[in-house]
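Listed next: structures, encoded as structure tokens.
In what comes next, chain A is part of two complexes: it sits with chain B in the first one and with chain C in the second one.
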Partner chain A sequence: MSGSGGGVGKFLKEWIFTIDHKRVGILYLIGSLAAFAVAGLMAMLIRVELSSVGPTITDPNTYNVWLYFHGAAMILGFQIPALTGFFANWLIPLQIGAKDVAFPRLNALSLWLFWMGIILALLTFVVPNPPDIMWTGYPPYSILSPGNTAFYTFTVLIMGFASIAGGVNLITTIIYMRAPGMRWGKLNMFVWCTMAAFCIQLIFVPILGTAVTMVSMDKYLGTTFFSPTSGGDVLLYQNLFWFYSHPAVYVILLPVLGIIFDIVATFARNRIFNYKVAVYGGVGGITLVSGEVWVHHLYASGMPNWIRVGMMMSTLLISVPVGLCMLSIIGTLYRGAIEFKTPMLYAIGFIFLFLIGGLTGIPLALASLDIYVHDTHFIVAHFHYVMAVAGTFSIVGGIYYFWPKFTGKMYNETLGKLGFAVTFIGVNVTFFTMFFVGLEGMPRRYFDYAQMPQLEDGQRLVTYGAFVLAVGFLITLISWLHSLFAGKPAPDNPWGSKSLEWTTSTPPGPGNWPDVPNCEKFDPYGYGE
Partner chain B sequence: MAEDAVEHHEWETSPWPLVLSVGVLFLAPFAFSMYFVYDSLMLSFISLGIGVPLTLIAVIGWAKESIGGINLYTKEQGFGSGAMPFLIIAEAFIFIGFLVAYWVLRLTADSWPPEGSPHIGYTTPIIMTIILVSSSVTMHIAEHKLEHDNRSGFISFLIITIILGAIFLGLSASEWSHLLHSGFKTSTNIYGSAFYSITGFHASHVIVGLGMFIVALIPALSGSVSKTYVKSASMYWHFVDIIWFFVVSQVYFW
Partner chain C sequence: MRRRFYPLISLLLVFVSAGISSAKSEEGHFPTTGEIPDPVAGFNHLWREVMIDITVVGILFALVTILLLITYRRKRAGQEGRPVKLSTAAMFGWAIIPVFIFMADDFYLGAKGWTLWNSYRTPPESSYEIQLESAMWSWKFTYPGGVETYNELKVPVGTPILVRMTSSDTVHSLFIPDFKVKEDSMPGRVTYLWFHPKKVGEHLITCAEYCGMLHSNMSGKVIAMEQGEFDSWLASEQAALTEGGA
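Then we have the complex of A and B:
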């Protein structure tokens, strides 16, 4: 409990005990970027280990812990909290014209539970017998492993509870707290996309919760859900796990698309092409189909062929609503007055990376082809393109886009563009090469590839690419720090956007606006009138 | 570019969310893994000793603050009944997860009930059902009394509901202890796993519901009630009641 008398004490109190949605959002951002940094470091260590045949810098057990931390922290600690924590919290009340979220204290609880999850995840490096079960926690290994599976379960449960509470909070906010005149038909795309992501979370996170709870109950409380010798079923876990974890991809993708929509509309000075189709067909379609495709993660796990065919169809089907969204994004660019600022470069980079990731997803959706590349580096490259890197590009682009608003400082355009260029090159060297390494037969998650020494050159190139990638992110980090300490003060609306969040002062104070804005005549994408 | 109009507002703060989450960190992950993973009863008790007081202090402080209504911008209690349905959807899927696991394992089993399952009598579950349903009815009456500003009627029916819920928990506990003493454990077979986890999760929801009622009851005794809070707590209670029908029909009577 810090004192409230002095300047520093008051400052600390107003940040640590804050229940304001903007500050909660920024604290989410700090936590998720910390997770990103540590998980990124793990990725570099993994790459160094794989850069040559045989043990390079570590032993298999430590390597497993790195893999566990990289996956779990990147998804649960970085991408989901950055999108549904930072962007959603910070942006939604500003975009719908609300003074705060519906339950500000619950919002702060979500934030701090998320931080407790981060602490729990970081304890992986301190405690004896750290968890070493990947982010998937498949039994039987997660039950037989000497590692601390309980930490894995509780990390997932705590972060899961935080995201459900956040989802309930923001859905209620969007439904009940829109400014007068802010009708459903003129919400920002980001609001639509994030609301859909929260609906997906409400349904699927609890299922993940039950799956990981059953794993820990099997391990510590004697139940036998996943133990075949006592009537349990290992495949049950895989189904429950992917029933959440595939929709989790859309929990990431939807807000990512929302950010891209808003960046593209602003920098192309154009309305959203096919707004209604993008909302009902695209966002609505993704939400509806998201829950029916999970079995394509299990093509190699054994199942009747008719299920494979059904799941092939639904997996291919989901590319239709995703395609509608991409069509709207590209249609918004068409005949727009495009301005290539850093956020726009990231948005265009996203379109490119997402395209490669999406196209390589088609062979993976087809069970007959997937069987051959299942659990190889090809898959690793595919989901890094489509989710990890495309998502991160959108997050970084979004941070640049809203940077002037939430920090009150302008960033240096040259540094921003340089960071983009280096990152973009690094990404493609790393992951495009990885496709070929995977097609040559390199399995994922392996510590060593002594039987396939011919892959060493490819693996080394991937590792070089990863270092370029890391340098790119470092430049981005430097540009942010440079802006924080030496940036010029930002005007209220540096990009000339029509969206509501830019009508506040920079940075927005408590309560966002002096009065709730009237949105009768407002149109977030009303360019050209 | 800060404008004068917003400068006279203060940033709002509340320490309780942070305190609560630190409490939860010690209460659940630390206490659990100290005992089950690192085999240290003492460290587990120390974790509980830190976690339980922090959690209680935070819940009390939070409840006091919300009823004081210090938030300037939103009537925090105003949206409770609007938000509860969404929480209930999420909660329902916890039970769907467990029930689906149970169905899959049961329907693919060679024979049912698996070897070692005792015969579980029908009397206790029938009594439990009657008690839980009547508690739902009494809660509905309590809510109705509150609507008509009958404070004392509200309080007495709320107390009856709490007592009925507590009796339900007591019956559940005595049944568990009876079955455990007769040698039916979580590890006995898949039915044991499903039985204890599903009824256990339901009981934990009853505990949460009772906690919500107690948080409503204590300030109500000194005359302050939040109607939307009571409405959402009551919604939650009806949900717990409905889920019980699934639990009782699937694990006891099927």
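Then we have the complex of A and C:
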């Protein structure tokens, strides 16, 4: 955020046409936080609607558009871009000792595509027939729906191209642009995790692109991929969709784990416990199983019985690599010297939220138990714990952690901790209650629950929790704005981290270092002794 | 035995004892030959067991984390951690032993889940078959003689009911929470589920797969009635149908 004399025009030009990886990263962050804000507003409206039986503030059509936007924007517009856009772009060259990414102009193209995707997604609220097909876009409904399915298709395609370009770019960067002496065996966990996430993106994004393109072709061009009357198959789409969208969960989870690893190591001033096992067993294992479990999303969809049982076993095995990662995170605390700053609190919050989310995944993995809770609020609570909220805790914790470096300002520790506490309480009131509402049989994506009026008290408690959650995020936002306008200047390395990104000036200038650092003696986790 | 293995061994012991205690609580809910299996009881049993399992694991992980956070908090400024250097054996130990524990738990639950799954997906021979065609936004049930009902599935008590379903427009999902069953219905494919009403009464039917504007209004009822009552209802409907058709 260096000074830019010469007026607003020059300032905008510098930012819009930037090819500097740090600026690209920050523009990704601004876009994804905008998506988070709008999708969060949708979540609040959804909760208000569900707080009482019967129509509360709107009609079913508008409500379904809110649901669609909340899901699609939170996943495609907020979590994936914040992690693989902001964190990966901004951090990877700094962590491997590169001056920039391998293809800076391609990087700018990814960013532009992402922003076009955000704008296209926001147009949902302006076009006459907004899509109401949920983020999954299952045909035949997405073909029969009066809503504008093309918006969905093109948003996904544009975001997908941005992901692919970003993936090619950063994988190349990691392989070819590591500083001298930065061997594979001493990379930051975040670099390993993000590299694995990008490999998953490159393999699976084209499949999602294919699926959504086929939906729009069926709807607008008269093809019959998903129309059984002409030999198509409805289930084909669900398989293609989840063949991407389950690995997409790991595209989110892996960078999330990477951030947590780095935060925990820094604030415990300790080495990653069993680093090699975490990398090869944990991160490698997650990558390997990511593509073999998608049928657990289709346990109630009439897939053949044998494949449902097979995928039940592979789904249960996810607990193995994820468990190894958790052991390494928790083991890093052992014999550490833990300091409880705001980023560390978010990392600890993540451990507990992820534990609840991950363990409630075990009954869901068992096809015979899932058959009851499938498509109910139980599963909504599960994936919000494990992916939405745990992921967001890691993103917010990561933003706090790197805040001094990328803004050059310190944040207010009291405001940060207050924001954490309120958010943590809000999250648990909201989503822990939701488990019980789901167990009573409340299906998801319901506008109304007149047939289950006994659930009103539970639903109201969930809504109260959501308001606490919103207040928590507002406090976090206030702490960031307060820091931007009134924060003290940050030193180069406020946390005393040994990692390479903290050896640059704050904020890092163009080219990151005056000279490419020599990393022969460098160790990102070289604490103690 | 080196001291660094102690936490690992205690972890192992807790898992083993949890496994033994849950194995003991086996109450034989699963069917013996000739008997109609009871997926609802099987579900409740396995659900409880899995809840105990994940609660034990969750509390264990949470307690260890809290303990470490308290024990190793920074006591003075500038304090450094004292990293453990794992020998190669310890490194593999810390990978292989947890992997085996996780996998043992997974396969234990997986085997039980599979058994229950088989009883969910194997309708008894004596089942009474009813056809379902779902549409936006209603359920149409067709009885063997051609009698049709909308949104009301009348069934005799004591007979397993097999519902074979398809859909005329989009994907819906027949969800009967009281019988712990759910299956999607969709155009171009025939899917099925079965359940076993044992008592006279009404049970909610609701749609669990998003199907557009009135998705949440797409509800119905299972009405379980005495065999005699059901027979006379069906016969009178059948008569009305034949008369109307003639």
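One rule holds for everything that comes next: the second predicted complex is superposed on the first by the 523 of 529 C-alpha atoms of A that agree within 3 Å, B and C clash if a C-alpha of one lies under 4 Å from a C-alpha of the other, contacts with A are read in each partner's own complex, and residues count from 1 in each chain.
In this section, contacts are C-beta pairs under 8 Å (C-beta built on N, C-alpha and C of every residue); 3 or more make two chains touch, one makes a residue touch a chain.
The model shown is predicted, which means the values in this text are computed figures rather than measured ones.
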| item | value |
| --- | --- |
| Touching partner for A:184 - first (chain B), second (chain C), both, neither | neither |
| Partner chain(s) touched by A:120 [first = chain B, second = chain C, both, neither] | first |
| Which superposed partner A:233 touches (first chain B, second chain C, both, neither) | both |
| Touched partner set for A:207, first chain B, second chain C, both or neither | first |
| Residues of chain A contacting chain B in one complex and chain C in the other | 232-233 |
| Chain A residues within the chain B interface of the complex | 1, 13-14, 16-20, 23, 98-106, 108-109, 111-113, 115-116, 119-120, 128-129, 148-151, 154-155, 157-158, 164, 167-169, 171-172, 175-177, 202-207, 209-211, 214, 217-218, 220-225, 230-233, 236, 240, 408, 489, 491-492, 505-506, 508-511, 513-514 |
| Residue numbers on chain B that touch chain A, as the complex places them | 1-3, 5-7, 9-18, 20-22, 24-25, 28-29, 32-33, 36-38, 62, 65-66, 71-74, 76, 79, 82-83, 86-87, 89-94, 96-98, 100-101, 104-105, 108-109, 114, 185-187, 189-190, 192-194, 196-197 |
| Chain A-facing residues of chain C, complex | 39, 42-43, 46-47, 50-51, 53-54, 57-58, 61-62, 64-65, 68-69, 72-75, 79-84, 86, 91, 94-95, 98-99, 102-103, 105-107, 109-110, 112-114, 116-117, 120-121, 169-171, 173, 175, 177, 180-189, 191, 204, 206-217, 219 |
| Touch list for chain A against partner chain C, complex | 60-61, 64, 132, 134, 136, 138-141, 144-145, 228-229, 232-235, 268-271, 273-274, 276-277, 281, 300-302, 305, 308-309, 312-313, 316-317, 319-320, 323-324, 326-327, 330-331, 333-340, 348, 351-352, 355-356, 359-360, 362-363, 365-369, 371-372, 374-376, 440-441, 443-452, 525, 527-529 |
